[in-house]
Structures are given as structure tokens and as C-alpha cells.
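Same chain, two partners: chain A is paired with chain B first, then with chain C.
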Partner chain A sequence: MISFINILLNGLLLGGIYAITAVGLSLQYGVARILNIAHGEFIMFSAFITWMLHTTLGINPLLCLAVAGPLMFVLGYLIQKFLYKTLKDKTPSPAAFEGSSMLLAFGLLFVIQNIAVFIWGNNIEGYTFMAYSVYLGDIRLSANRLVILVLAVLICALFYLFLTRTRPGKAIRAASQDPEAAGLMGVEINRMLALCFALGALMAGFAGVLISLAYQLQTTMGMQYTIIAIIVVVLGGLGSIPGSLIGGFLLGIFGSIVSGIEPGLTMAAYYLLFMVLLLVKPSGIFGR
Partner chain B sequence: MKIKANYKKYVIPVIAILVLVLLIALPYFAERSDSRYTIVLFKTILMFTILTLSWALFSGPTGYTSLATAAFYGVGLYTAGVLGRVLPLPVMVLCGGLASFLLAVIIGGITLRLRGIYFAIFTLSSVELIKHVLHWYEITIAGGRGRPVVRVPDTTVFYVLLGILVLLIITSYLLKRSKYGLALSSIGSCEEAAAHIGVNVVTLKVFTFALSSFFMGLAGAIMATGMVYIDCFIAFDLNYSFFPTLMAIFGGMGNIVGPIIGAVVFTYLREILITEFPYVYMFIFGTVMILTIIYLPNGLIGLAESIRRKLLGGKHADTTCRRVN
Partner chain C sequence: MLEVKNLNVFYGNVQILWDVSLEVGEGEIVALVGANGAGKTTLLNAIAGLVPPASGSVTFLGRDLTGAPPNAVVEAGISYLPEGGRLFPDMSVLENLEMGAYLRSSWKQKKERLEKVYDLFPRLKERRKQLAKTLSGGERQMLAMGRCLMANPKLGMFDELSYGLSPKLVKEAFDMLQMLRENGITVFLIEQNVKQSLEIADRAYVLENGRIVLSGSSSELMDSDHVRKAYLGL
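Coming up: the complex of A and B.
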């Protein structure tokens, strides 16, 4: 029984990371139709900024949420404004844009990763933060992972409220449902797309800071998080924030069950789950 | 006018034969000047040319962006690792191709109903799935990490690659000229319409997909003999999926020459960048990639074409159709 609860809790702790990794990508693909393969690179970059600020200047990593997040936001805004918008104007059809925007993201992946390797090298890095245990009855949980879970859920909730309750949030959703009609209603589509991509990058920034609290960092780790984000997004349905949250937790629990049975097959099981899901229900478990 | 048309007909075959003769003679000159690097460089160029052209064989006309190239190439490499000691070289290379062919029939059979981006990410994750399962198998059941490969002289590898490439070019050319080539591009333009006029869409897609993978497998099996050791992280490296796709776009996918030029220029550029600027090569590479996708959507061939049009003046009406959004 204890081991079952343990697996469940570990899954939830892992799921928090997965959820916040996926939220940004979900928004970028759901609204702007950009499958941002470089999403994990934004996460990696922000994680390394946090690591650098903490180890050299001694800044509390949680404060870095306010530094790395906005930095990624600006980066995302500029990339959408200068690269993706030009590409969108030049491609003849939305379907062609999906393909070529993904390839453009590969280019970004190379550029961002190379910059990171150039600055921080290629070693495994990390720091300790709140590395003590909390006891919940008989179950031992590490404090930093608990903090990650709480913050991840909190950030996702705030983001959800932003999208559903505020004016720009509503404009983003309108732009995702029907760009032309939204345009006629006075929503500036291009600004919304830029905002959308920037918000996705902001979420990646937050995810990076949270990941750096408890996990090892490497400048080549981006792709791994991108793939997990894509799996969660497909699991939860495109563009749906609650879907990403639930999808993240489901994948986390699934992952912790599989690694309880055969740790070597965790990644393979993720891919298998993902491929089966793509074949059976590509719109996601919670998709319309 | 007629003389000019006739003369144009022979330009490309003559150039192709000249290049072929030069390539056949290359190892002699390389040996005489004692530069082993030349042969290694040309091996890489030939390998990427094969991957790119066979990728374009399927993905070019149909518009399905396959990112499973690494899976087929990797299966070829691995076949050499498993069978290299048991079988003679030609049989082993053929086995690599056939193994990839079979894998492609399986992957193609279950995935070709997915479209666009879903097809791309499915094929991408199939590479990763194979990599992780194989890695687990090697560690826990076979009890090792990778496999040693029997080495074959570079010159032999070079000639086998050249042979595969010639075969591939002939296959691409014949396929393009045949009614199947036409049917393939009709799938790319509008799949429903193609099915309605009687094209057996599924069989044709799966067969072409498998045919293109066959060549990737051949290339993998022979390239493995140039390495000493392979494991699944070397064999199923995702770069083998990304690079051929980019090279084909870089060159232009409209005809056979485009992917070849794209692969040759791109690989050469990459090798130069790796040796000259090892620390920033990915940065330069990524930048070239981004600029290519934004400013050269039709590749080098498209660029050459538009320059030629500008110089000669517009002889033809613009027949490219644009969907209005």
C-alpha cells in the first residue's frame, strides 16, 4: 500500500514538471500553429541562467522566476515578430506553414543550444536547494520537489485565469478559434500571435527555473523536455491548459509506475504511449 | 529552336557521366597524393546524398515530412553490426536494405493515415522508441552497450556508396517518369482527388516509403563498416533525420538534381564548419537553416530558376498556384 502511494506521489511530483513544461508548447501550437521543437532549449537556457545567478551571485533561485521568465518572454516575442511572422507572410498555405515553422524551430534549436554550450560548456551541472525531506505520515518527500509541484500548479492556475478572465487572454482564445472573425472584431492577430509565442516562452522560462531547483542540468537536455512536452500536449489536447495539467500528471504517474517495474524502459514506454495515442485519438484524451 | 532543345536534353546526362567518371577515378588520385581525408569526406558526402535523395523520393512528391530517416539508416548500421561477421559484404549490405524495407512497411502501414505534423512527430518518435528499446535490450539482455563492426577499406566503402547512389538516381528517374510518379505527386496535391480517380493511395504510399527506406538501409549497412564500433545512440542519432530533410529543402525538391546539389553543398559546408569552427558550427549552421527556410523556400534550384527567369525575361506565364487564405 505504502509503495503504491509512494509511486502515486512520485508521479504527481514528476507530473508538476511535465505539466508546466507542456503548457507553453500547448499555447504555441494550439494558437500560433507553431510546433516549437526548440521549446526545450528555452527551458534549458532559463535553467542555466538560474544556475549561473545562484552559483555566482548567490541569488535565491525562486527570485530568478522574475528574471529568467521575462527574459524568455522578450526573446519569444522577438523571435515571433522577426522570424515566424516573415515566414508566415511568405508561405502560401497554413499547412505549409506548419511544416516549415517546425523546421525553422530546428534552426533555433541549433542556435540556442550552441550559444548555451559556448557560454556554459557541456558538463552536467546542478546546485542544492532545500535539499531536505518532509514527512507526510510514513512517506518521505523531498522539499524542493514539493515546492516545484506547488509552484507549477500555481503558475498554471494563474495562467489559466489570465487566458479566461482578462481581455488579452480572451483575444488570444478568439484568435485561436477563428483568426479571421477575431480580426474583423478588432483583434490584432499578429500582435496576439507574438504575445502567444512570447507567453509560451515565458512558461518555458518558468519551467526551466523550477527544473533547476531539483534536477541535473546539461546544455543538451532540451530535446528531452521538448519530447515530453509534445507527449503531454497530445495527451491533454492542443491548446487546453487544464488538459496539459491533467496530461502532465497522468504522464508523471504513468512514468513512475513504469520506472517502478523496469526503469530502463521509461522513455520507451513514453514513446509507445504517445504513438498509440496518436493513432487512436490524435485530438488527445480531453480534446474536442 | 529545335537544335537548342535537343542540346539541352543532353546537358544533364553528359554532366552526370563526367562527374561519375571523375568520382570513379578519385581514389587513384587520392591515393597518389596520400590524402585519406579526401575519401572520408567524399564518403560522408555520398552518404548524405543517398539519404537526401531517397528521402526526397517519397517526401518530395507526396508532401509527407518523414523524420524516420535515422530509424532506417540506423537499422542498416545495426544490421552490419549483427551480421557483419557472418555474411559476405554484398549480402550483408542487401540485408541492411531489406531490414529497413520491412521496418518501413510496418511503420508506413500504421502511420500513413496520419497527416502533416502528426506524421512528422510520429516518425520522429518511432526513431526514439527503437533507440530506447534497443538500448534497453543491449544493456539488460545482450549484456553490453554496442557492437564492434568488421572494418572494410575506405575505397571499397566509397565504391559501394557510389554504386548505391547511381542505382538510386536511376530508380528516382524511372519512378518520376512512370505513371506511379505522377500518381505520387497527385497524392501530394490532393489526396482525396487522387483516391477518387483510382490511385491506390495506401499501397503506393507504403511501397514508395519502403523503397526510399531500402536505400537508406543500404547506405547504413555500408557506412557501418567504416566505423569500428556502433551503439544505438550512434546509429539512431536524430541528426540523420533532420539533416536529409534540410538538405532536400536547401537544394529544392522539384527534381532529382535539387536534393543532390543540396546534399553536396550542405555536407561540404558542414564538414568545413566542423573542422574550421568546431565551437560555433552549430550556431552558423542553425542560422543558415533559418535563413534558408525563410528566404529560399524553393531551395538553391528555385533560386537558380528565378535568377535565370530574371536574366532571360519571362517566357512562361506564372503557373504556380497559390491558395488564397
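Coming up: the complex of A and C.
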């Protein structure tokens, strides 16, 4: 019984990370139609900025949410405005843009990764933060992972409220459902796309800070998080924020079960799940 | 109020509109009729800022709107209801209405405008929490019309209101246009349904192969041999 609860709790702790990793990618693809293969690089970059600020200047990593997050937001905004916007103007059709934007994202992936390797090298890094245990009855949980879970859920909830309750949030959702009709309501589509991409990068930034609190970092780790984000988004349905949350937790629990059996097979099991999903229910468990 | 002068519009290399000129006066209901493929929707798209015209001009209340982006056109006071309503399917009735008041100047007044729209369409108030995709055909029509009104337009442009609706709903849709006029909104509609449009409109234009071939008061057009033969089947 205890081990079952343990697996479930570990899955939830992992799921928080997965959910916040996926939310940004889901938004970028759902609205801007950019499958951002470089999403994980934004996460990695933000994680290393946090690591650097903490280890060299002694800044509390939680405060880095307010630094790395906005920094990624600005970076995302500029990338959309100067790279993707230009590409879109030069691409004849939306379908062609989906393809060419993915290639551009591939380019970004290598550029960001190489810059990171240049600055921080290629070693495994990390720091200790709240590295003690808390007890829930008989169950032992590491405090930093609990903090990650709480913050991830909080950030996702705030993001959901932004999308459902505010004027720009509603415009983003309208634009994802019918961009032309949204334009006729007065929504400036190009500004909306830039905002979406920037918000996706912001969420990647938050994810990076949270990951750095408890996990090992490496400048080449981005791809792993991109893949996880894509799997979660497919699991939860594209463009759906609650879907990403639930999908994140489902994948977390799945991962926790697999690693309870054989930790080395976790990533392989994720890919397998991904392929099965694509074949059986490509619109996602909660997709339309 | 709305003045279109010598408008030429292309899709790629194909010219869709040839030298189109027309006028809509304040308080009027004006119809543009013509067969499928005549270029009617293209004209509305060009006025609404979705397609840039190659030459010619669009003026609204003395303001040049030629090639202006859609948000500038809405801001100027023109609301465009595209064919099929184009509601946001996964947003609630209330959210669809709010999107109609998206412009900053409208957003501040969305409460009062909502009251007004709910007065005109009490059914929308009952359904306000439902997703737009769950509405019936008639309710969708009301919602599309209500969303248009949320922008508090001076001119409403309607593309094929009657398309795909049952005869009863078509009648309701045309009744709504009358109601709009009584509420001080000028109406410009484009239709394949020539008979019913001429019954409701003050004036009309006939568009064929991208050119205006006839214009006049509705009664004049009803009596014209060409219209009777080509569109009314008489």
C-alpha cells in the first residue's frame, strides 16, 4: 500500500514539472502553429541562468523566477518578432509555415545549445536547495520536489486564469479558434502571435528555474524536455491548458510506475506511449 | 457614409473585382446581390481589410480606409459578419459577445452593451454559459448578430445571412436586420437570395463576374427585366 502511494506521490511530483514544461509548447503550437523544437533549450537556458545566479552571486533560486522568466519572455518575443514573423511573411501558405517554422526551431535549438555550451561547458551541474525530507505520515518526500509541485500547479493555475479571465487571454483563445474572425473583432493577430510565443518562452523559463531546484543540469538536456513536452501535449490535447496539466500528471505517474520497475527504461517507455498514442488517439485523450 | 470607388481586387493573378463603385447612405439598408462566385464576399473582405485592393478607394464617414487593417476598420465603426457567423466554437456565449467588444474603447462599456444585447436577444442571456458550438442554428445566428452589436457599429456588413438556414430562420434573420436599422445601424448585406433581399432593402446593386451591372431602388430592380429573368425566375 505504502509503495503504491509512494509511486503515486512521486508521479505527482514529477507531473508538476512535466505539466509546466508542456503548457508553453502547447500554447505556441495551439495558437501560433509553431512546433517549437527548441522549447527545451529555453528551459535549459533558464535553468543555467538560475544555477549561475545562485552559485556565483548566492541569489535565492526562487527569486530567479522573477529574473529568468521575464528574460525568456523578452527573448521569445524578439525571436517571434524578428525570425518567425519574417519567415511567415515570406512563406506562401500556413501549411508551408508549419514545416518551415519547425526547421527554424531546429536551427534555434543548435544555436541556443551551442551558446550555452560555450558559456557553461558541457559538465553535469547542480546545486542543493532545501535538500531535506518532509514526512507525510510514513511517507518521506523531498522538500524541494514538493516546492516544485506547489509552484508548478500555482503557475499553471495563474496562467489558466490569465487565459480565461483577461482581455488578452480571451483574445489568444479566440485567435487559436479562428484567427480571421478574431481579426474582425479588432484583435491584432501579429501582436497576438508574438505575445503567445513570448508567453510560451516565459513558461519554459519558469520550468527551467523549477527543474534546477532539484535536478541535475546539463547544457545538452533540452531535447529531453522538448520530447516530454510534446508527449504531454499529445496526451492532453493540443492547445488545452487543463489538458496539459492533466497530461503532465498522467505522464508523471506513468513514469513513476515504470521507473519503479526499471528506471533505465523510463524514456523508452515514454516514446512507446507516444507512438501508441499517435496511432490510437492522435487528438489526445482530452482532444476534440 | 460608406463610399467605394473604382475598386480593383486580385487574388494572385486573377482579377476578382473590376472597377466596383458603390455607396451606402446613413440609415439605409443596401443589398448587393449576385450569383455564387460573382465576387460579393471579396468586396466585403476588401472593405473589412482582409484583402488589400490593387487600386481604388474605400472611404467611411470621410475617413480613408483603403487597405486599412481589420482592427482599424472595426475602430472606424464597421462590423462585419462573415458567412456562417464564424463564432468561436469553444468559447461561451458570453465570451463570444465579449470578443465583439474587444476594442479597448468598447471593452470599457461591455457591461452596458451586454445588457442591450440581452434585451434584444433574451435567449442569449439564458444560454450565456454554454459553449457556442452547442447552440442551435437560430441561436448561433442571434449570437453572431449580438457579437456584431457589441462593437456598437455605425454600419453592419452581412455576408449571406440566409445561407444554410431554414426558411423560418431566414425570415428571423431578415427581421433582425430591420431591428438593427430601428436601432440606428446602417445595413449593407450581400445575398444570393435576391427576392428576400430586395424586399427588405431600400436600394440594391447587382454584381456579375466582378462588375456592377445594375443598381437602383429595390422596386426598380424588381421591375427590371434582367433581374426578373436572371434572379427571380419570372
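The working rule: the second predicted complex is superposed on the first by the 288 of 288 C-alpha atoms of A that agree within 3 Å, B and C clash if a C-alpha of one lies under 4 Å from a C-alpha of the other, contacts with A are read in each partner's own complex, and residues count from 1 in each chain.
By our rule, a residue touches a chain if its C-beta (ideal position, glycine included) is under 8 Å from a C-beta of that chain, and two chains touch if they have at least 3 such contacts.
It should be emphasised that the depicted structure is a prediction, and the values quoted were computed from it without experimental measurement.
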_After the alignment on chain A, I want to confirm one thing: do chain B and chain C clash, or do they fit together?_
fit
*Using the superposition on chain A described above, determine whether A:A157 touches chain B (first), chain C (second), both, or neither.*
neither
_Computed vertex angle (chain A) for partners chain B and chain C, CA, steps of 10°_ = 90
_chain B or chain C, by number of chain A residues touched_ = B
*Look at A:L184 in the shared chain and tell me whether it touches chain B only, chain C only, both, or neither; answer first, second, both or neither.*
second
*Mind working out whether A:A171 is in touch with chain B, chain C, both or neither, as first, second, both or neither?*
second
*When the two complexes are placed on top of each other via chain A, what is the minimal CA separation of chain B and chain C in Å?*
7
*chain C residues touching chain A - in the complex, by the definition given at the top*: 48, 50, 69-71, 74-75, 80, 82, 86-91, 95, 98-100, 102-103, 107, 147, 151
*State the interface residues of chain B toward chain A in the complex, per the touch definition above.*
65, 110-111, 114, 116-118, 120-122, 125-126, 128-129, 132-133, 135-136, 139-140, 238, 242, 245-246, 249, 279-283, 285-287, 289-290, 293-294, 297, 322-323, 325
*Within the complex, which stretch of chain A touches chain B?*
35, 83, 86-87, 90-95, 98-100, 102-104, 106-111, 113-115, 117-118, 223, 227, 230, 262, 264-265, 267-268, 271-272, 274-275, 278-279, 282
*Using the touch rule from the top, collect the residues of chain A that touch chain C in their complex.*
167, 170-171, 173-174, 177-178, 180-188, 288
